[in-house]
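The structures come next, written out as structure tokens.
Consider the two complexes below, in which subunit A is the common component and subunit B and subunit C are the respective partners.
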Partner chain A sequence: MKILVAVKQVASLDEDFEMRVDKKDVEEDFLLYDLNEWDDFSLEEAMKIKESSDTEIEVVVVSVGPVRVDESLRKCLAKGADRAIRVWDETIEGSDSIVIGRILAAVAKKEVPDMVFAGVQSSDQAYSSTGISTAAYLDWPHAAVVADLQYKPGSSSAVIRRELEGGMLQEVEINCPAVLTIQLGINKPRYASLRGIKQAAAKPIEEISLADIGLSPADVGAGSSMSRVRRMYIPAKSRAQMIEGTIVEQVAKLIQIINEFKGA
Partner chain B sequence: MNNPKEVTRILFENFHPQAIHLFYAFGYAAIAVFIYGCYVQIRKYRRGKPDGSWGELLHRFIDMVKTMVTHRTLVRRDKSAGRAHGLIFLGFVLLFIGTSIITLEYDIIEPLIGVRFWYGNFYLWFSLVLDLAGLGLIGGLIYMMYRRKWLHLPKLDYKRVDRQLGDADFDRSEYRLEDWAFLWSFILIGVTGFILEATRLVWLSGRPSVWDYRMWSPVGALIANIMQTIGVTPEGAGALRSGLWWFHGLLSLTFIAFIPYTKIKHIFTAAASLMFKDPLAGRRLPRVPDEQKVAGYKTITDLTWKNLLHLDACTKCGRCQEACPANAVGAPLSPRDVILSLREFANHTLNAKELPKEAELDIHGKDIGQVFMETLWSCRTCLACVEICPVAIEHVPLIVQMRRNLVEAGEMDPLLEKTLQTIHKTGNSFGESKRKRASWVKALPFEIKDARIEAVDYLWFVGDYASFDPRNQKVTQGFARIMQKAGVDFGLLFEGELNAGNDIRRVGEEGLYEYLATANIQSLDDCEFKSIVTTDPHSYNTIRNEYPDFGGTYEIQHYSTVVKKLIEDGRLQLAKKLNYKVTFHDPCHLGRFNKGYDAPRDILKMLGCELIEMGRTKDNSFCCGAGGGRIWIPDPVGTEKPSQNRMKEAAIIEGLEVFVVSCPKDLTMFEDALKTSGYEGKFIVRELIELIDECMEYDFPEKEVFADVLSLEPHLAS
Partner chain C sequence: MRVKKTAYTLVDKAISSGDVYNTAAVYGISDGRRRKLLENMVFSKRRELLRLASWAHTPTEVLQMLSDSDDSFVMLRLCKNPKTPSEALTKLYVKSFKGSSKGVNLTTHIAKHQHTLTNLLAIIIHVNEGLEILRAISQNPSANGQLLMELLSYSPQDEKYKVFDKSVASNPSASAEALKVIYDRGDAYTQAAVIAHANCPVLLLSLAESDSDVFVQRKLVCKCVKLDVLANLAENKDTAVRCGVASNELTPQSLIKKLMDDSSFEVRRRLAKRCDLQVADIERLMNDEDSWVRLWIARNKITPLRVLKVLSYDTCHEVRRAVASNPRCPVVLLEALAKDNNAWVRSAVAYQNKSPMRLLVDLAKESNIDVLSGVANNRHTPQSILQELALSSESDIRRGVILNRNARRTTLMPLLEDPYYLHRLMLVDNPMLNADDKLQLCEDPDFNVRFAAYSWFAGLEKSTKTWV
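Entry: the complex of A and B
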């Protein structure tokens, strides 16, 4: 019995950041990396199943990314994951979330898990499609925004509750194996103490290449993606102004602004 | 003098040989019971983990003897009880030595080599000293009885704050019973001893070698006189004596046999506890060995033998509870109850022949003898308990060890958990960018050196609160101006500085502490400087006392010492005098932790302030409530905070103008408490630096941004 948890190391902005020269992203020096918040919850959900089960359950975390991602994977190992896999090849740079899904599906085919968990979305890119595209490439059932999970390891289906708009919940029975994207608040993620993280350094992180999962550079990267980032920027701030005075004064001021705007 | 050989005390006169044998049988039985009890206790201690406190045994022993002889720790904050205990202690020691001398002659030296010495002048002086010792003993015991019965001291009712009525271990009446049994049996031994002496005198009043020397045992002689006056005959006295002799003898032997099983054991455990005392307890917390699987204490056998010994040393005096700021505001923590709970737990599990299963040794939880999570998280690690404990119990290291286990299990306040993650990510508790650490320098009209690039005399370790908190940034800028004005060569680590880790270690996140400490040590080692200076007592403590364990040994000074010297040396001229009426709050980490009581007070005097001390001052200073990571844990709503409690104390001072602090966290805590406790407008809270700053005349070239220094939030203004 195995659960594969797909995780991502996300970036957050430091103060006074600068854009990259190609304007497609923020300069890496100004980014702070950490494990995606949603992934804390999906890992915790897997750990809960592992810890409450009588049978042996292996929790494997997988991520696509460069060496810096090891730090986040180690955090997952500290929280109790049995193994960690990191897929990387220079050619993966620039892949969109659908391609990442393709890579994760290839890992899943190799690992043959009984369940795949992913976060609903990543806090930096927020495409909300990595988990779903993984399911598509695997041709497995999927459910998004899972807020509750009842699953007995080894059984052929699971009952989940999905979070909908307006505080509604949808209860769904889903065939297994399946890909679930886990919503925040489904559980209380445990704390990974720094000592735990340090001790997890002894657990190996498996580095695998595209060839290991039967993919080639032609399957990944910006060229194989169906979407590409053109630029990233901060929109100019819109201005608002309260016009004071009597009605007549306000109208006069308004006309003046319109004229200025037309003139400009 | 009669034949000096005859001037001695009769021992077994008129005793049937069988009676003497019977008495010796009782004596041996008592000693056997005593030895077995000691064996069980020692076996208990040996079930704890090893501890490295065996070094410098002679030095430790001398220190312990000094403390015991002077009763230094016992008279503090409770003079009468300490002195009464001194009388009991002295009486007991002298009477014990006296009895040992008799045994030495009668049972050892005389039978072996036929030499006697217990007669004549030696006996007479012996007799006098022991009479006075007995008198002191009884006097001390009577005061203790009076104190328990009539003084109604809250600390002696053993009411628990961590348990409710109805909980299995709420009731502590057994302790009271034991206290009284101890007092009564002890006083009975003393009183019957005197009566016994008197009956012997009356009984042998016809024998000059006894009667002529009766005034060498004045108390006995006085009682003998009274007996004669009320018509007791020598024969009557003799009959009374034989009955009383057995009562006194058997009670004394029972008392000895009971020592290892009851509170009387403190005569050994308290002494041993004092002997193995760690002078840096709480100031320098123990490291967690890398190979240790689980951090901190989870089971009773995770405690070291020294911890277990400390538990047994507690005499329930309650001084720790009185000093505890958490206890004072109704938090479910009494340092004494933590110790007593663990002691009960240890006695329950570790006194048995076989060690119970691992699961039964867990000290965390809600069951009998277990310590509640809420109790452990209530602690401010202010060290008030450790500092006042007369028998050197180290509560705070024990509490932190238990917290380490809670942290590892994630059993903590969600906000605290968030803060720890933030500190790991950004290196500061404010979650600000590393780059912004020294943004406060922008508002200064001069440049500050980067100690990472050039050598400086003083490396200023600023600390989180002084760097990021807008209100404290004002103070930080003030200190920069003072240093600049005095022409001190100083520099900063800028973004190379991380949170020093003092409070993170006291929370119990040892891994994060190690990360911060080693990173800071790395940065400091790469710089060239003569001394570190800081305005943050928390950073001061950990760099001074704890970094050496990680290979970072530096000279570090609190700013008060540096500024005091600058003024004394004339490098810093005071342009004016302040005639404020002030009081000074000793920060725990400067005062109690590192004995920095004088420099801030000396500076206040130099500034011309009139210093009025609060009731709780210096070593008894009352924690602001921010220590031990509590600044990141919200206090329960609707209850008094320690800082508000402190404001009430300060407000008693007639005409108080300024409540002076010298710690960034104190400034934050007390300015808040001033408002919430309703004393706003009555007096103000100021950092000592601000008062010094006020006395300065600066001639820096005025810059536009300089005005920002005066605004509350310079980073918003810029």
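Entry: the complex of A and C
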């Protein structure tokens, strides 16, 4: 039995930053990289299944990205993932989330997992579509925003609870294998033990090319994507206004604004 | 004393690690060729340079060294970093003045910075690059009374400078003279800020006594005012003003008695916190309908034991918890509260310094995280129990052991391998562990821990020249 967990190394911004010359992204020196928060939860969900099962379960993490992504994959290995795969080719640069889904699906076809987990979204791009497009390319059932999972390894179905608006949960039975996008809070992700970190440093990360998964440069990149970034910019400030005055004055003005909005 | 090394060995170790945070930690104890090497390492990667310039823990001497950078974004981050020293800020201002900051505005941030020298602020005022920069100075506590007076002199010349009055009124460096000027021409909000100011002259407080504005009265009531003024303010319609009377240390017993009947629970809560309450007042407030009034009585250090005993049966568990947390709570009450059906109450018993060992041994048999965290924190907990708790799967409980000043070296040793990086970081300064034990933290996977460990060894090096 095998669970494939798709993870992403996400970028966050550190206060002031410079844009790239092509104005399509932020200059890389200003970005801080870390494992996507949602992916911590999907990995933990896979680990929970692995640790509570009588049968042997392999947890494989996969990511699409350059060498720097190894750091995030090692974090997953330190938390107990059995193997880590990184897919990269220069031609992948500029791919949208649908193309990334195609790449992940190709990895899944090669690995033949019983389940695929992904995070609901990535904190940097927030498309919320990578997991779903992976399912589409695999032609597997999928469920998004999974807040609870009851799954016995080897079963032909799983029962999940999906998070809806207004605090509602939707209980769904889903056929397996399936692709699930996991929501924050479904579990309590562990910290990697020091021993785990040391062991992960020695574990190999499998680097695979497009050819290894039956894809060609023509299948990926901006040219094969259905959407392309035209530019990235900070919009001009409009309605925001600083409340001036002494602290007491600021509080009084704030109360006045709140009352006006309430119609009091 | 297995570990005994010199500063050079520590610096060499940091250099060979290739980690920019390790090098930042030992920069202060390096010199000559080694210092140059460290500087080259820091300046070799822009990404690291940018991070160190804004990092809250970057040592002052490293920030000073970074001010040599000609990268305008590094300069900007240094101007915004609250730790950047005066000398570096002066250098950055000169560079900015010469146009080295490539259009990035540094002056507003330098004008705001609390380490900017008063002389430099004076220069910035005279260069006068615009309202925002001058306003930043008017808010800066480093600006002395003379500079603030100068800014106030702009106001009569131009309406736009009136904003300085409000910021100077809240600036701790404002002199009594400046406050007088502002009060005389200020609106009610500005006058209220002046009255609240620590340097507010007595003359203005006297003037404010006859002020009917509620904002002024709210501030006035917190100051040392005459008893007749307090008596008047105790009749005020505004609850916040009456709360001020209830909190004022000068409020006489006669007024306290009067406020006991106040319709606002907020006023009664303030009274319940007072350290000069008479027994009869305490006994009255312990029956208050508001649970927070009872809670403050239960927490009050002057509350008599018989009142604490009554409150230990209170229907509100937060009140019972407050009794258990009270430093005067007797052991006999702690014993009873240790059997409370609410875990939050038992947790307070576990944290209580007066709880005897036998009580803690019993509480250690529980499974509740809050209770066990309290046991882990308590200095009377036996070492054998602390050793068990150090292996708990709950990080809050393990943290309790780390925070326990009586936790011995052997108890703490397994926690050097704790999965939570913050726990390992907390152990860097623990006096129960020796340098030998802490050496492994220099190799920690987390850069925060490594930096703290290297900083600890560097500090030791500065003070003793050897690691012992």
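The rule we apply is simple: the second predicted complex is superposed on the first by the 234 of 264 C-alpha atoms of A that agree within 3 Å, B and C clash if a C-alpha of one lies under 4 Å from a C-alpha of the other, contacts with A are read in each partner's own complex, and residues count from 1 in each chain.
We adopt the following convention: a residue touches a chain if its C-beta (ideal position, glycine included) is under 8 Å from a C-beta of that chain, and two chains touch if they have at least 3 such contacts.
Everything quoted here is computed from the prediction, not taken from an experiment.
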Open item on the list: One more residue to check, A:16. First (subunit B), second (subunit C), both or neither?
Closed with: both
TODO: Could you say whether A:109 touches subunit B, subunit C, both of them, or neither, answering first, second, both or neither?
DONE: neither
Open item on the list: A:249 in the overlay: touching subunit B, subunit C, both, or neither? Say first, second, both or neither.
Closed with: second
- [ ] Using the superposition on chain A described above, determine whether A:195 touches subunit B (first), subunit C (second), both, or neither.
- [x] both
- [ ] Please work out whether A:228 is in contact with subunit B alone, subunit C alone, both, or neither, and reply first, second, both or neither.
- [x] neither
Task: In the superposition, subunit B vs subunit C on subunit A residues touched - done: C
TODO: Please work out whether A:34 is in contact with subunit B alone, subunit C alone, both, or neither, and reply first, second, both or neither.
DONE: first
Task: Common interface positions of subunit A, toward subunit B and toward subunit C - done: 14-16, 32, 190-191, 193-197
TODO: Give every residue of subunit C touching subunit A within the complex, in rising order.
DONE: 46-47, 50-51, 54, 73, 76-77, 80, 163, 166, 169-170, 189-190, 192-193, 215, 218-219, 395, 417, 419-421, 444-445
- [ ] Sort out for me which residues of subunit B touch subunit A in the complex.
- [x] 288, 295, 407-408, 410, 412, 417, 420-421, 424-426, 432-436, 509-512, 514-515
Task: Complex interface listing, subunit A residues touching subunit B - done: 14-16, 32, 34, 190-191, 193-198
TODO: Can you check the complex and tell me which residues of subunit A touch subunit C?
DONE: 14-18, 28-30, 32, 190-197, 244-249, 252
